[in-house]
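You will see two complexes here that share subunit A, one where it goes with subunit B and one where it goes with subunit C.
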Partner chain A sequence: MQAIANWFQELYEKTGLNFSVFYDAYDWGRYVDGLKMTLLLSVTTILLSLVIGAAGALIQSGPSRIARAMVNAFVVVFRNTPPLVQLFFFYFGLGTLMPAIESGGMRIPLLNNTQWAIISLSLFAGAFNVEIFRSGIEAVPRTTVEAAEALGYTRIKAYIHVVLPLAIRVCLPALNNNLVNLLKTTTLAYAIAVPETLYAVKQIWSESQNVLEMMIVLLATYGILVGVLVWLMHRWERAMHIPGYGR
Partner chain B sequence: MSAPRETTRDTPNGLAVLLPFRLTPSGMSARIGPLPAAILCFVLVIAASSAWSASGSAVLSPLDVIIKWAPLLLTGFAFNIAISLLAMLLGTFAGLWLGLALLSEFRPVAAVAWFVTQVFRNAPWLVLLFFVMFLVPFQVMIFKTTIPLPDWQKATVGFALPVMANVAEVVRGAVRSIPSTQWEAAESLSFTRRQTMWLIILPQCVKRMLPPWMNIYSLVTMSTVLASIVGVSEMLTLTAQVHAAEGGRPELFAPLYGFALLCFFLYCYPINLWTAHLERRFHVH
Partner chain C sequence: MKNVLHFMITSAAALLLLGTAHAADGVDAIKQRGTLIVGVKADYKPFGFRDPAGNVVGIEPDLAADVAKRLGVKLELVSVAASNRIEFLQQGKIDLLIATMSDRPERRKVVQVIEPLYYSDYVNVLINKKAGIKDWADLKGKPVCATSGAWYNKDVARTYGVEIVAFDGSEKPLFAMKQGNCIGYLYDQTFLQGKLLDDEWKADYDLPLKGVLPAPWMIAVALGNSSLQKLLEDTTKDWMKTGFIVAEEKKWGITPTEYSLSMHEQYKDK
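Right, the complex of A and B next:
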């Protein structure tokens, strides 16, 4: 670790390329905190959006006309409006209307900015996931569902144990794409001052005056994060591959 | 879960079998129309502002505030559209060449193009925007003439970069989807590679590229609001300013941002519908 720090210190002295994150403990700490926040945002929003997508797709294939219309409205609205405006609408618009706790003269909102970012981004990605899951569910043969019904599965149980596992396998490539997009969209949380990677890096470059170097670090960070996610999803895709479908 | 159904209509003689077989597009049947959705959106805005109207004080109601400032906000929205169109134009032009470079038979060119595409496709839009905003100077000197680069122009370039990478992928995908027999036929008619590409392959690709290209456009339009983060005075910046000008009342946030949502929705949703329509029409079986 020390050797790396020394090398970057030397690089700075020789060439003027100031990668302060790699030798300055304070900058490194902020960068790692930002990275942790990005990971927290990504993991929670990915999981939540998957749940929203699965639930939405279940309702969409269900019998209730009103519930179907509501899910459709949700999907259509969230897919066709900018995620940043959604975030502002939730955080500023709904956040100020929510009841807050008064403590010691300070107004502490019920949900803080990180939680609003998670909610807003999950809903945004969830709207896409509903469509993706629905396309997967449509690809599950009708006969398979009928066979499950013949074996005495209820609608929910058949959905969880039979339809969804098959549907996920079919729609994994599209899901993969959307989750990568979601990871990239977490940068929007910057706009409401959630201290994620972009926010931390911006702080570092405005104090250490090394915009170019930090920009390279930033691009590399997201490159690696997206790379890891894509690699994981591809492995999952291969493991879940249905013999006889596709390649 | 429904399988494609056959539409049976009543014919005068009751012979539905004589009608042409037609699959109902199950993808669209369950969607709601743009108008009900827009009304729903607006109801949301009004509902959010109804908390205010109960108090009934002398200040403007949220709806009046929106009506009062609508011309300014809509000018901001027009600016967003202008940025998106310009970015799309730039990005498409650059992306076409990058896509052709991806398909190049000269290995190093293809490798460099691949790397560029991956970098700009996998970086978040906001990061690329920061990249351009902070690393491109505010003016450039060419032959002793100073060309100023205002914020919005740099932002446009910042949006054009991811567009370029995405368009390049679309071009590559479309060219790859053309049957190889087309290449062979062109070769047997002694077309050169360049002639084959420009006169035979690309004209066939246009139709296939249109739906994904429009998807990208819709994405760019929705991304233009990011410019407000780096200080371009487009719709979202103006919305914040209007909010401040009206005394920064917290209950105004929801209606104002709701109005912005509505504007984008009314612009993007028809594009989305049209894209879906084209996709079905051009669907390659």
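Right, the complex of A and C next:
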């Protein structure tokens, strides 16, 4: 590890390319903390948005008109507005309106910025997931659903055991797309001071004046993170493949 | 047609030359003109800002007025911003620049700095009175809002163990502080002092800590304007001798800085 640090220090001295994050312990520490936060944000928002998407798609194909209208309204609101604006609205707007705790005479907000970021990003990606799951559900033949009904499945049981497994296999490529987008969209949380990778790297480059080098590190970081996610999703796709169904 | 075009071009060039040659020509030119043109800020309370009537007032306009009085000429204030103040001086649009400008080596290369430096800014934290902070050490581990990209964020975080919560610009950190996401706002002391002059902030916030990391400000004239430079150098020393700057700070409602007080002490008996 020290050898790597020394190599980058030498690189800086010889060529002026300042990859300070590799040879300075303080910068490295902040960068790693940023990575951990990005991973936390990505994993939680991906899981939450999948749950929101599946639940929303279930309600959307259900009998209750009011529930369907509510889900459609949710999708319209969160798809039609920019995610950064949503983040600001939740943190600066709703954060002020919500009740707060008084601690030592000072106002402490109920949800901190990381929690708001997770909520906002999950809802944003969840709205897209509702539509993606709907595309998968509508691809399941009506006859299959009728057969499940005839076998005595309730609507929810049929959804979980018959419809959703088939629907996921169909919509997985589109779902992958959205989850990749979500991982990259977590960078927006820097605007409400969530200490994730972009925030940490921004602080490093504004102090050490090595914008180009840190930009390269940042792009490489997200390239690798997204690459890992895509590899995982492809593994999942292959594992779920039904022989003879589709291609 | 060719003659008309030729005439238009030469007369335009002549007008341009006339236009540029009106300021920054030394003390004699200023006295002949009868006006001293000074560039000041118009959006930085209390150093240069607009009063309800729209006039530019503050500590720096007062300093400019004093220089004009010494020259025996009228004062004309031109409002400048950080992005154009040096260019205005270089182009001759203003004779003198007193506009909260930090002393930097790159700036010294393009304009003539007046020494001794007339003022110094510090780094301080606007703190919620209820947080009960009395010393920099009390900030350890506490969340403090800051502006992203400021040169002192890393120093303060490392030296005092503060948890910096950085936002872009200077409105969002104040907003986040009001919501309770942090106990204070780390920024330039002069800006924070200006905020404390507003009732909105005076009630619940204060500057209990002493300023750190001094960053001196410079008055500037155009390079080569040696007569005006000499006059300003003598004027600055006189201000420090009489404590004029300290009096101005008190007049506009801010606590006199360590720098102003120590310079007054230094020049008092000279």
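Assume the second predicted complex is superposed on the first by the 245 of 247 C-alpha atoms of A that agree within 3 Å, B and C clash if a C-alpha of one lies under 4 Å from a C-alpha of the other, contacts with A are read in each partner's own complex, and residues count from 1 in each chain.
Keep this in mind: a residue touches a chain if its C-beta (ideal position, glycine included) is under 8 Å from a C-beta of that chain, and two chains touch if they have at least 3 such contacts.
Only a predicted model underlies this, so the values are computations on that prediction, with no experimental measurement involved.
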Partner with the higher number of touched subunit A residues, subunit C or subunit B: B
Subunit B versus subunit C as contact partner of A:K36, first or second or both or neither: neither
Which superposed partner A:R155 touches (first subunit B, second subunit C, both, neither): neither
First, second, both or neither for A:V76, with subunit B first and subunit C second: first
Which superposed partner A:M106 touches (first subunit B, second subunit C, both, neither): second
First (subunit B), second (subunit C), both or neither touched by A:M215: first
Which superposed partner A:F92 touches (first subunit B, second subunit C, both, neither): both
A:Q203 touches, of subunit B and subunit C: first, second, both or neither? second
Contact residues common to both interfaces of subunit A (with subunit B and with subunit C): 92, 96, 191, 202
Touching residues on subunit C, where the partner in the complex is subunit A: 128, 130-132, 145, 148-151, 153-154, 158, 164-168, 172, 175-176, 179-181, 183
Subunit C-touching residues of subunit A, taken from the complex the two chains share: 26, 92, 95-96, 100, 104-109, 112-113, 191-193, 199, 202-203, 206-207
Touch list for subunit A against partner subunit B, complex: 60-61, 68-69, 72-73, 76-77, 79-86, 88-89, 92-94, 96-97, 135, 137-138, 140, 142, 145, 163, 180, 184-188, 190-191, 198, 202, 211-212, 215, 218-219, 222-223, 226-227
Sites on subunit B touched by subunit A in the complex: 1-3, 26-27, 30-32, 36-37, 40-41, 48, 51, 119, 122-127, 130-131, 134-135, 218, 221-226, 228-229, 236, 250-251, 253-258, 260-261, 264-265, 268-269, 272
